[in-house]
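Presented sequentially are two complexes of chain A, the first with chain B as partner and the second with chain C.
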Partner chain A sequence: MKHLQSKPVQYVLLGLVFSVIPYIIPIPQSTMTILNTVVIYAMIALGFNILLGYAGQISLGHAAFMGLGAYLSAYLTGKLALPFLLSLLLSGLIPMLIGIMLGLIALRLEGHYLAIATLGFGVAVQQIFVEWLAFTNGYSGVRAKYPSIFGFEFRSRESFFVLAIAVLVLLCIFAYNLLKAKTGRAILAMRDSVSAAQAMGINIYKYKLVAFALSAFYAGIAGSMYMHLIRFTEPTQWGIGLSLNLLAMVVIGGLASIGGSIVGSVFLVLAPEIIKEVPGLADIKNLSYILTGATMVLAIMFFPHGLARLGMQWRSYLSKRKKNAAVNI
Partner chain B sequence: MNILWVEDLSISFGGLKAIDNLSFAVEEKSIYGLIGPNGAGKTTVFNCISRFYTPDTGKLLFRSRVNGTIKEYNLLDFAVHQVIGIGLARTFQNVELFKSLTVLENLMVGEHIRTQGGILSQGFNLPKVRKEEKRVREKAMQVLDFLGIAHTASQLAVSQPYGIQKLIELGRALLSEPRLLILDEPAAGMDHTETEELAGRIRQIRDEFGITIFLVEHDMGLVMDICEKICAISFGKKLAEGTPQEIQNNPAVQEAYLGKGDEEYAS
Partner chain C sequence: MEMFWQTTIAGLETGSLYALAALGLVLIFRTSDIINFAQGDMAMFSTFVAFTLFNYTGSYPVAFIGALVFAAIFGFLMERVFIRPASKANLVSKMIITLGMIMIVGGLAGAVFGTDSLYFRKALLADNITLGGIVVQPNALFIISLTLVIMAVLFYVINRTKVGIAIRATAQNENTARLMGIPVLRIYSLSWIIATVLGATAGILVAPTTNVSINMMAEIHLKSFIATVLGGFNSFIGPVVGGFILGVLDNMVGLYISLKWKTVIVYGLLIIILIVKPTGLFGQVHRKKV
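After this line comes the complex of A and B, so read on.
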């Protein structure tokens, strides 16, 4: 029973449960695609949460890293005919290196200036996707194959779901282990008090860079998975809209929370799909954007710890009320 | 042997001279106090030594014994996050704790520079990382035991009363096994009993671990009680240096403290 309390074991068990569900209950193809997308966005949200939630650094250009991962994976498995797993890893590592290069410059800036610099990066990279025809084929887009591991092709949406969840579980465990060890303490210490962290020997610049690099890696992995799920991509997908959605996922789901990143992704991907099904609401243009914006405002005002921690917030509210009642008697 | 020299230290902020040609030296294994009226520049001196500020002119030398051999360092060669590596740790005037970490984790950050393990081995939670985490945790528990606040280990640091927060900060600095411990107003916000306990604790840290203590303090009772040597400054300039007795009898110090506009210190 002791093992059940360990988070990594919980992640694996939850992953197993979710990945067999589609094999037990038949789910329509289109819904399976949406569920796969949820898992993929959870990957990038998780990485982005390390940067925004844990390290307290903002970026408005992370869609670029995901797009880069997508194009790279298409190129590596297509033109270079590399095996899927290797290209998945490279699609994470190359955006990570680019992230480090960007971070070396941009992380000297703080707050608004960092936001503007990363926004500029995002816009510039999207333009490169449009112009660099040899790599991206411009607006015509590129195609990719089904992912395959040791000869097994993940053709069905159900099998892809198992693969996506396995990758997400690995990413969750890695993030969890790292964040509860020395690196996590240093990153949180830096967010809570820069001067105390420095006095304790933490190199602020290094740990900002570590957080930035990790988030770019996670984004690249998510991009590669997306590419092999949809098997087509073009530049308009990787713009500021996605970067802002990412911000919304992390804020709504829960800053500095692994579970929150996943909950945020579920919310941001599923909410527009649910709206589409509701008669009357479906006719209102861009309602999902309005919903995202409004939920973000509500989150900041009323549940700053995010949807994932609503239960905890409610419990602490109740115990506080109990305490106050006791004082009044 | 002196562990710290400050020679002709000067720093100014926008034309205002905060420290003006200040020189003093701290002897190894002593308890040394820096006093002065509000705005005298005490914390600025601390910030220069701990490298948060770079002085305009002057020398900052630090000498410590490492495995029996004596090494001398020019503090100006070190960045702010590097001084802890040569044995210089500090606390802050307004407690600076990591609010999202527990008491135990706050202390564990003090061991940061000695904690082994790369990003990948931490991410995969390799056995060597687990072993290292256990070592750091146990070391932090020992320090919490020493400070008598082991029962708070798993609680959030910010949810502790102010007096305990001060102890947590002290413990975090202790974990790095410093040779010189710089305390910025350790007794601020503490009541009389807590201050007396603190005095005992500071002496104990020096006696048991051989750590040199250098402190800034407003509580004259504490300073006169525990410091062996005191340097009094006013408007960034040195007024006097000597034993508590000498400082108390020094006319310049008396004037700086009791002179007009400083009634606060009259008591």
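After this line comes the complex of A and C, so read on.
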């Protein structure tokens, strides 16, 4: 029973449970697509959370990294006919390398320079997606094949769900182990106080770079998975809107929390679907976008630990009230 | 050669719009330590107001001034509702709040005004003037001179008046400014009001070229950030000069290198500034005290 206490084991078990559910309870295809999207956004949110929640840096260019992963994966499996797993890995590694180059430049400076540099990066990369026809086919977009591993094709949404969850669980375990180890402690120390961390001999620049590179890697992986799920992509998807939604996922779900990243992606993907079903609300344009922004602002102001830790925050609030009551007597 | 001069004038025209937006950014950044990522969307919203007012009244000056009054109230309210409650939050949280404002304001604009791209007239409709082979649009001259007048007034206010001293003092050190009896909170409101009005001015002036639409400010918004980095976040004059330089450069790249890859090339410029001189042309090295 002791093993159940370990987080990685919990992740694997939860993953198993969720991946079996669609085989037991029949779920309509469209809902399965939405669930698959949730899992894919959870991957990128996880990476984004390492950057924002743990390292305290804002990026507005992660949609570009994800788009890069998507296009790369389409190119590698299509034109170069590489196996899916290899192209998945490469689609993570190449955005990571670009992330490292960008980080080397922007992370030397104060926090807001990364936000500005990545804002520009997002716009510039989107422009490249539009103009570099040989690689992206411009607005006409590119298509990709079903993913296949050792001859098995993940054609059905249910089987893709198993694959996506497997990737997500691996990414979760990697993130967990990393954050529990030396690197994670250094990153956390850095977020809480840069000066104190520096005094302890932590190389701020190096760890910011590690966090940024990892988040770009996660984004690329998510992009590749997305490409093989939807099997079509075009440039307009990978704009600033997606980057803002990613930010909202992490802030609403819970900063510096692996579970929070997943809760956030569930919230962000499902909320618009639920609004669509409510009569009257569906007619208002952009409603889910507005509400997402408002929820993000409210989250920062009133529940900075996010939905995932709302219970914890409530308990600590109650215990504080009790203490105060005791003092008053 | 005519093309060169014509492009320079066009560059100064776009440059003045970048300068207006960049000055707004820096005003808010220096007084209240916030990067206002929502500036572009707030300006877009104000431009939609101008467009709607013009459709109702048919008078351009009324629409222009009405929209600026709206922008002033808008900026004041945004600061009160979103920024002031979070005044104790850290820098990252404040950035996140302004990013949330993008979603709220941008989304609202789509919900209220629709997602169409609408034509809005120029400020001056007079015929083009030809000077020694160079075709000059009176509207371009109007935009450049209006910007110069606004800048002159603002820099007079910042450098010579009591309000300006208060703004500079708040920019330098908020706590000391407060101790000196400067109403810091009022300075915050004021800087948001001025910045929003500057952004709205840029929005209304650029509308004839971009049309009035949700994404109309995307380019100016990004370029105003690049202009601010180029000029330096720590000076008021830097971003203005940066804006003009960037505007001319932008058009030159479009003329001599490639129109398609303009955005990417100008982004490359941002990266080069960050490598070579991250403090900007006019900025001093900013040492953080522990």
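Operating definition for what follows: the second predicted complex is superposed on the first by the 329 of 329 C-alpha atoms of A that agree within 3 Å, B and C clash if a C-alpha of one lies under 4 Å from a C-alpha of the other, contacts with A are read in each partner's own complex, and residues count from 1 in each chain.
Following the convention adopted for this analysis, a contact is a pair of C-beta atoms (placed from the backbone, for glycine too) under 8 Å apart; a residue touches a chain by one contact, two chains touch by 3 or more.
Note that the structure is a prediction, hence the values are computed from the model and not measured.
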When chain B and chain C are modelled together on chain A, clash or fit: fit
First, second, both or neither for A:L178, with chain B first and chain C second: first
First, second, both or neither for A:L14, with chain B first and chain C second: neither
Touched partner set for A:M32, first chain B, second chain C, both or neither: neither
Chain B versus chain C as contact partner of A:S195, first or second or both or neither: both
First (chain B), second (chain C), both or neither touched by A:I105: second
More chain A residues in contact [chain B versus chain C]: C
Touching partner for A:A186 - first (chain B), second (chain C), both, neither: first
First (chain B), second (chain C), both or neither touched by A:L82: neither
Vertex chain A, arms to chain B and chain C (CA centres, degrees, nearest 10): 80
Touching partner for A:A271 - first (chain B), second (chain C), both, neither: neither
Nearest Cα pair across chain B and chain C, whole Å: 9
Interface residues of chain A shared between complexes with chain B and chain C: 195
Residues on chain C engaged by chain A in the complex (per definition of touch): 35, 37, 82, 85-86, 89, 91-93, 95-97, 99-104, 106-108, 110-111, 114-115, 218, 222, 225-226, 229, 260-261, 263-264, 267-268, 270-271, 274-275, 278, 286, 288, 290
Contact set on chain B toward chain A in their complex: 50, 52, 80-82, 84-85, 89-90, 92, 96-101, 105, 108-110, 112-113, 115, 117, 119, 122-125, 129, 132-133, 172-173, 176
Complex contacts: residues of chain A adjacent to chain B: 8, 174-175, 177-178, 181-183, 185-186, 188-189, 191-193, 195-204, 210, 256
Chain A residues touching chain C - in the complex, by the definition given at the top: 52, 56-58, 60, 102, 105-106, 108-113, 115-117, 119-121, 123-124, 127-128, 131, 195, 240, 244, 247-248, 251, 284-287, 289-290, 292-294, 296-297, 300-301, 304
